[in-house]
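Per-chain numbering from 1; labels A, B, C, D, E and F assigned in written order.
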Amino acid sequence: MPWFDLPEAELKTYRTATAEPADLDAWWRDRLDAARALSQPPMLTPYGEDVYGPLRVWDAEFSGANGDRVKAWYLRPPTDADLPTVVTYIGYGGGRGLPADHVLLPSAGYAVFVMDTRGQGGRWSTGQTADSGPAGPEFPGVMTRGIASPETYYYTRLMTDAALAVEAAASVDGVDATRIAVSGGSQGGGLALAAAALKGDAVKVCHADVPFLCDFHRAITITAADPYAEISQFLAHQTTLIPAALDTLRHVDAALLARRITATTLMSVGLMDEVCPPSTVYAAYNEIQAPKDLAVFPFSGHQTPRTHDETKLRHLHAHL
Amino acid sequence: MPWFDLPEAELKTYRTATAEPADLDAWWRDRLDAARALSQPPMLTPYGEDVYGPLRVWDAEFSGANGDRVKAWYLRPPTDADLPTVVTYIGYGGGRGLPADHVLLPSAGYAVFVMDTRGQGGRWSTGQTADSGPAGPEFPGVMTRGIASPETYYYTRLMTDAALAVEAAASVDGVDATRIAVSGGSQGGGLALAAAALKGDAVKVCHADVPFLCDFHRAITITAADPYAEISQFLAHQTTLIPAALDTLRHVDAALLARRITATTLMSVGLMDEVCPPSTVYAAYNEIQAPKDLAVFPFSGHQTPRTHDETKLRHLHAHL
Amino acid sequence: MPWFDLPEAELKTYRTATAEPADLDAWWRDRLDAARALSQPPMLTPYGEDVYGPLRVWDAEFSGANGDRVKAWYLRPPTDADLPTVVTYIGYGGGRGLPADHVLLPSAGYAVFVMDTRGQGGRWSTGQTADSGPAGPEFPGVMTRGIASPETYYYTRLMTDAALAVEAAASVDGVDATRIAVSGGSQGGGLALAAAALKGDAVKVCHADVPFLCDFHRAITITAADPYAEISQFLAHQTTLIPAALDTLRHVDAALLARRITATTLMSVGLMDEVCPPSTVYAAYNEIQAPKDLAVFPFSGHQTPRTHDETKLRHLHAHL
Amino acid sequence: MPWFDLPEAELKTYRTATAEPADLDAWWRDRLDAARALSQPPMLTPYGEDVYGPLRVWDAEFSGANGDRVKAWYLRPPTDADLPTVVTYIGYGGGRGLPADHVLLPSAGYAVFVMDTRGQGGRWSTGQTADSGPAGPEFPGVMTRGIASPETYYYTRLMTDAALAVEAAASVDGVDATRIAVSGGSQGGGLALAAAALKGDAVKVCHADVPFLCDFHRAITITAADPYAEISQFLAHQTTLIPAALDTLRHVDAALLARRITATTLMSVGLMDEVCPPSTVYAAYNEIQAPKDLAVFPFSGHQTPRTHDETKLRHLHAHL
Amino acid sequence: MPWFDLPEAELKTYRTATAEPADLDAWWRDRLDAARALSQPPMLTPYGEDVYGPLRVWDAEFSGANGDRVKAWYLRPPTDADLPTVVTYIGYGGGRGLPADHVLLPSAGYAVFVMDTRGQGGRWSTGQTADSGPAGPEFPGVMTRGIASPETYYYTRLMTDAALAVEAAASVDGVDATRIAVSGGSQGGGLALAAAALKGDAVKVCHADVPFLCDFHRAITITAADPYAEISQFLAHQTTLIPAALDTLRHVDAALLARRITATTLMSVGLMDEVCPPSTVYAAYNEIQAPKDLAVFPFSGHQTPRTHDETKLRHLHAHL
Amino acid sequence: MPWFDLPEAELKTYRTATAEPADLDAWWRDRLDAARALSQPPMLTPYGEDVYGPLRVWDAEFSGANGDRVKAWYLRPPTDADLPTVVTYIGYGGGRGLPADHVLLPSAGYAVFVMDTRGQGGRWSTGQTADSGPAGPEFPGVMTRGIASPETYYYTRLMTDAALAVEAAASVDGVDATRIAVSGGSQGGGLALAAAALKGDAVKVCHADVPFLCDFHRAITITAADPYAEISQFLAHQTTLIPAALDTLRHVDAALLARRITATTLMSVGLMDEVCPPSTVYAAYNEIQAPKDLAVFPFSGHQTPRTHDETKLRHLHAHL
């Protein structure tokens, strides 16, 4: 995929054309409050001590949207100190997988709280959390699940989970609640932006690599790649749902939510990324008012170069 | 796709290697009874009279699995007589669409009752029926939804819908309940076989073209084509679920259910069909004890040649 | 396929850059007159009465270009009244198929006259009409057959067939010759535009979905999708034929012919259609001087959403 | 493409299962006689003397099937002697191209007579010869043109051309009519086998690389690659034509014709060739009673390794 | 990719048909001795201490084939004890990447020594080691580099590196040289088998997931997937090199070398793996005489399910 | 591939944005001098006299970069006169192949000296020349071999070979050193431009079809097609090498070198060429100050139409 989006100079000043729904803050406050009303405390069960040696691992669960119990992993290095903690989110199609997939941060001295992805986790990594809620006609995948209204949309539930994961993590023993970061790539990046926006000062650092879920209205017209294309392919046939779907998407657009972020933010973008086109990433980045940085990879697609892992570790050391 | 399955001579005698679950009849009886216990009567609303001229069309709904309301179309030629009626089911990814998609049978003098497909209808035609029930981690599409147990599996619900659609149609004004056929292609063919099996003598004729949902255990090892491959790709990662998933699939295997069919049956198979491989179609056909015919298309894939439409009309005239 | 053509605002005012051949009207008059000189009356044979029940079906044929006999279907609802009649044309690669494919309009009270497509009908539906005429070197498919001059070009013959199909239908018993519509999608849409243009007031309504055969000169440079690409791939090697081929295409460009349409016209366009790019559809639409409407589907490709079927029925009820 | 056909040991003894039509010799004699009855003498026009320097080049044409004039190139080294001459045929989709494509044999001391391919020559090289004859419904490409009967089939005409090309070449000034070879790859190889079979002792050497047009009945069931797949895809829909088409193919099956070859023959086969599967090549080779050799390339597909060019030159030196 | 290789029952007893070269042990002894003669001691430089927190990381290099300096990472948990150590190898196209990619084993209490892959490391992860030695004509990739003789072949050099990496690791401070494992997946798995074979009792545990480089002679005829297909595509044209190439491959066939393994071995295989077909994995497994286990994943392709990571950790705890 | 690059009007005035390295002439002079210092005289061995008849063929070799011996073919018509001679270069992935591939020019009266391509020749034709020199981590193919500095880059060596091939040819018996042309397509075209630039008046005519290796900086951002994409895919991961790689590419950019060409030049471009995008070809063409012509093929991709072969022969007759 060559450079197919706006020229780099225009990317730097590009602003999303999507109008924010009136009372978006109130609408999201209602979502979170409704979920909290059904909430139970997180539960942690020690996991696989024979397997991971000195590393400490718990099989966790907490209450997300609808009060649904969402699975998670909680990993810590072998210390009893209160630790700075990173809440992480997973990319599209995947679930929390195994603790083995999440040892980098504990190795480097952080606690990590890995949120499972409801109803996903069968495509490239495993999940264990069920989705609930209405499930009307849909294009395969979760992009169109409940898209007929913002209240029934899948991503309203998932972003609610993401925000409540921060609250759950903060309440866990050994977590320094004043030093919480959110982090993820692709869908995980979109969720990190959303959680940082919805939780404001409760999140100190936000890492969002090649984030998905940003500037939907533009994204679904400029890429033919999944998962955004699940929406356009659905609306190709369900034409009467187009206005409702576009309105729904405005409510969960991480580019619009990003205006609310106060965390120190580090993002990344690949200029050859056709999955999450560069302009949609800039759409989010350009809305952020907090201290921020953007790693631009001119020849990369949707896969962030691995060198960026060390950049993120350094950023955590400096800011969390 | 060339001939890739068993040689035609072996197809004719091929029998599925999958063992039927003990008490399969009782298990299914429980499913239907549980659904009936939550059932409400069908509801019919006149539809689009200005559009379809003399044709009579109703927007229908009836109670399926879990008591969920399932949408349907009911179309009739302009007569008040009790008519022989065909209950039809839709292929994978599609929903009931519009009445315009279903006018052939009414043109030829039959009533038709078109069942919508819960949670589908966003891929190539539109649906309007929501799925309910548990939705654990899944591979995109419905093939793995709830696959961890037969009671939670998506196709248990959908086959229940299919059987109850026959009951709903039989109760509708103007339907001659002694002359009911079931019909469909691909997923619709698998549902027709299942409905004919579960409803026994209530179904007089069964048409199943290139049926899906047959001989799952073999199908998921011999084709890489969707939708069967949704299952194998899911089990590639969710390896601990393999035994449970295989057991689930035995409960909704239309090849095993086919032994119960008493309707006069007409099936079709394409010897180059990699979506529903020929041996899996023969697996069902070879179990049927009732009067039966099989149209074999040596050079066809998963698309039944259109000439077969006239063959099916002739078969209806002769047997319904 | 994302939005790849002009922005929607520019589409609305886009005009083809192709110059119309001088004396195009005279040239086409000569074509039709030459064909009429070799013409024999249409012949209708009752077909498959046992199959289609009350529906009345004739296997028809009429004289097209070169006097070649072109097959057709004639279907009517069970009435003896003179009926408004729709002449329909088939998409690329297909033929007239079976009557079963064409029952929607008779169900809704119209007669329908379905023209077979000479030399096509082996790709996705069946045809039974042979092509005649010179057949020089060609790229597989019919797009380059006889392209070296407008007189020998395949589409000159096919558009002649399309115009004469209107005349044949008008002469058939039971057709109300004052209420004739033409209709089709893709190639069928291009033929409908051409027939409406060439037959003027003899056509009262024109339906053209995602029409092919429009604004050839632009089309062959902006899409790599078949069938337009058959031409560019041919000219990639047959470079000395480029000027002649471009001149030939001007003679059968439905966008240029569209200026002559007097029928009330309904068209549709998919903004993600790479087979018949949006600008080429607008190129035809923007030339039409008659009453007209355009259904714009922002997320659809070359497949018109099925909801449009009801829109077309309503349009027929209102205008035919 | 890995080894997908019979194991090599079985290939060596594989015999086609197709029964030869009764009176095949008489049938072909009638075809050639009918063509000869409409024949005009070959015509040669000097070509591009300024371009090819010492090489002598003529733009030629001769009468093929139906008396149609078929284009050809005639190239010779700069000598007046009567020369051994190779009649060559072109692969599928191509035409005679330019003399520049055919200089290898004249460089090495042979005359070459290159037959154009009627109705082809727009896909990868240029042709200039029109096809005539009936053209019913067809799948794009020439494989199904006129397939409803052997008399109307495209390849009956093309094989007639191929046989008459030998006669035309033999009559040309400077050709040693006692030393004529036929040669080609893929479709050209099938034509070389056919010409050698139909012209018997008039052909002294036959080179057929990875020949097409052999053992059709098997070929169309074991490969999904074009051009064989044009036939299976056509018969997927035109199911009523299957018996007639299979009978037609028996008449032009180069594997059946190969029994008649008396020329010293050199063939080649790629064991990974999915276009012309190895067993279909062996089907022809194993029928040949004349002196013969087969170059087997275990890792090659449909492209003969270029080293085989020198092998063929050596074979010509030894046997022509 | 469905099951395409031998049935599972035959896999269990399948033995490679490739004959081992005479004196293979002596030949390899010469290779290693020649490399050792040019060897310099390993060098370790502390790396990125600010990044990885408590984890200890060294940028390492050691002498491999030709005395070339090969890069490596050496990671340890924060302890000074002599540790059991895993030497790991990377999959095709990748290099050692960053320490961040290799923290699982140190988290669980092991030292890890990650060998870079000479001349690779530009496809999906980064490498920093140059290849040396003859580089004749080649198909892109390293599979055919120097394939004309075993002495010049790329994989001779790379397997030499792999064996010497074990020696280098054993000499490093803090490594318990009596408790060394080798480990890798795909190419890394083939190298692990080779290193375990060449180093005998110096290796205590061997982990080889879906190993590449096994049973070459069969592999290159039964899969069209890269990287094995690099060889068949090369030999499609370089036909005169076929015998030499086949002989070369026998010298580096990990299935033949596997007979020499004395380490306790754990392997894995995906029955839908077309990259490293199941039979080629069994070819190696079935030669091993040491204590061994095989994890069979019936629905997995070339990607080992992540659950296997915990299985390997448990196996290390039990056997290293 | 439709028109995807700049509009034709802009192509005509497009200038590369890449700045030429300071002292590029001196840098290249050093390269050639260093190679000449290690040079041995060309060696010619008669080849295959029994095969090619009157044509005279030698298996040649000469000293290229690093003094490496590079293979070549030398072909002549059967005359002893000093002849005008064309030095030809091969496209990406190929080697010199066989003399049979190069007989057109000798047929037309020219001598031809065909340079093999070091380290290539395993993809579509055979080569026999090894590459030497440093080979760090690379993406498969040669595009990234040694890209970390201009001195180590593969194309520095290959362009050096190309320039020295002209010197070698000029020294061969029977070559008229005052009448030397360079010629090639794609990679061969880029090498022809480079050789013409580096050898100045020693080259009288230059033919470069759809040349590769031009305007690298733009090319690697506007096409996703190999081989340019080998570089972007490499830099997607090796992000720290981006500045060095871009600097390296400036040294071997044939568009920058083209300013130095004094030969009469004929180039060709396909406006649908995504392998060597049109603007990159114009980038070179628009820098040339010598007499020049450009054949523009509006519908062609990367394959030059064969008619251009005769155009080139005529151009040679007129200018060499």
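One rule holds in what follows: contacts are C-beta pairs under 8 Å (C-beta built on N, C-alpha and C of every residue); 3 or more make two chains touch, one makes a residue touch a chain.
Please read these numbers as outputs of a predicted model, since none were measured by experiment.
Asker: Which other chains touch subunit B while also touching subunit F?
Answerer: A, C, D, E
Asker: What is the distance, in whole Å, between the centres of subunit A and subunit E, each centre taken as the mean of its C-alpha atoms?
Answerer: That gives a centre separation of 36 Å.
Asker: Need the CA-centroid distance for the pair subunit C / subunit D, whole Å please.
Answerer: Distance between chain centres, rounded to whole Å: 38 Å.
Asker: I'd like to verify one number: the distance from the centre of subunit A to the centre of subunit F, where each centre is the average of its C-alpha atoms, in whole angstrom.
Answerer: Measuring from centre to centre gives 49 Å for this pair.
Asker: Would you pick out the residues of subunit C that each touch at least 2 other chains?
Answerer: 125-126, 233, 237, 306-307
Asker: Assign the assembly's chain-to-chain touch graph to one of these shapes: line, ring, star, complete, other.
Answerer: Contact pattern: none of line, ring, star or complete.
Asker: Once bound in the complex, which stretches of subunit B touch subunit E?
Answerer: Going through subunit B, the ones touching subunit E are 220-224, 231-233, 235-237, 239-240, 242.
Asker: Which residues, counting only subunit A, touch subunit E once they are in their complex?
Answerer: 48, 50-55, 77, 97-98, 100-101, 103-104, 106-110, 125-126, 306-307, 309-310, 313-314, 317
Asker: Quick one: which bits of subunit D touch subunit C in the complex? Just the residue numbers, please.
Answerer: Residues 93, 95, 119-132, 134-142, 144, 233-234, 237-238.
Asker: Show which residues of subunit F lie in contact with subunit C when the two form their complex.
Answerer: Touching subunit C: residues 1-3, 270, 272, 297-301, 303, 305-307 of subunit F.
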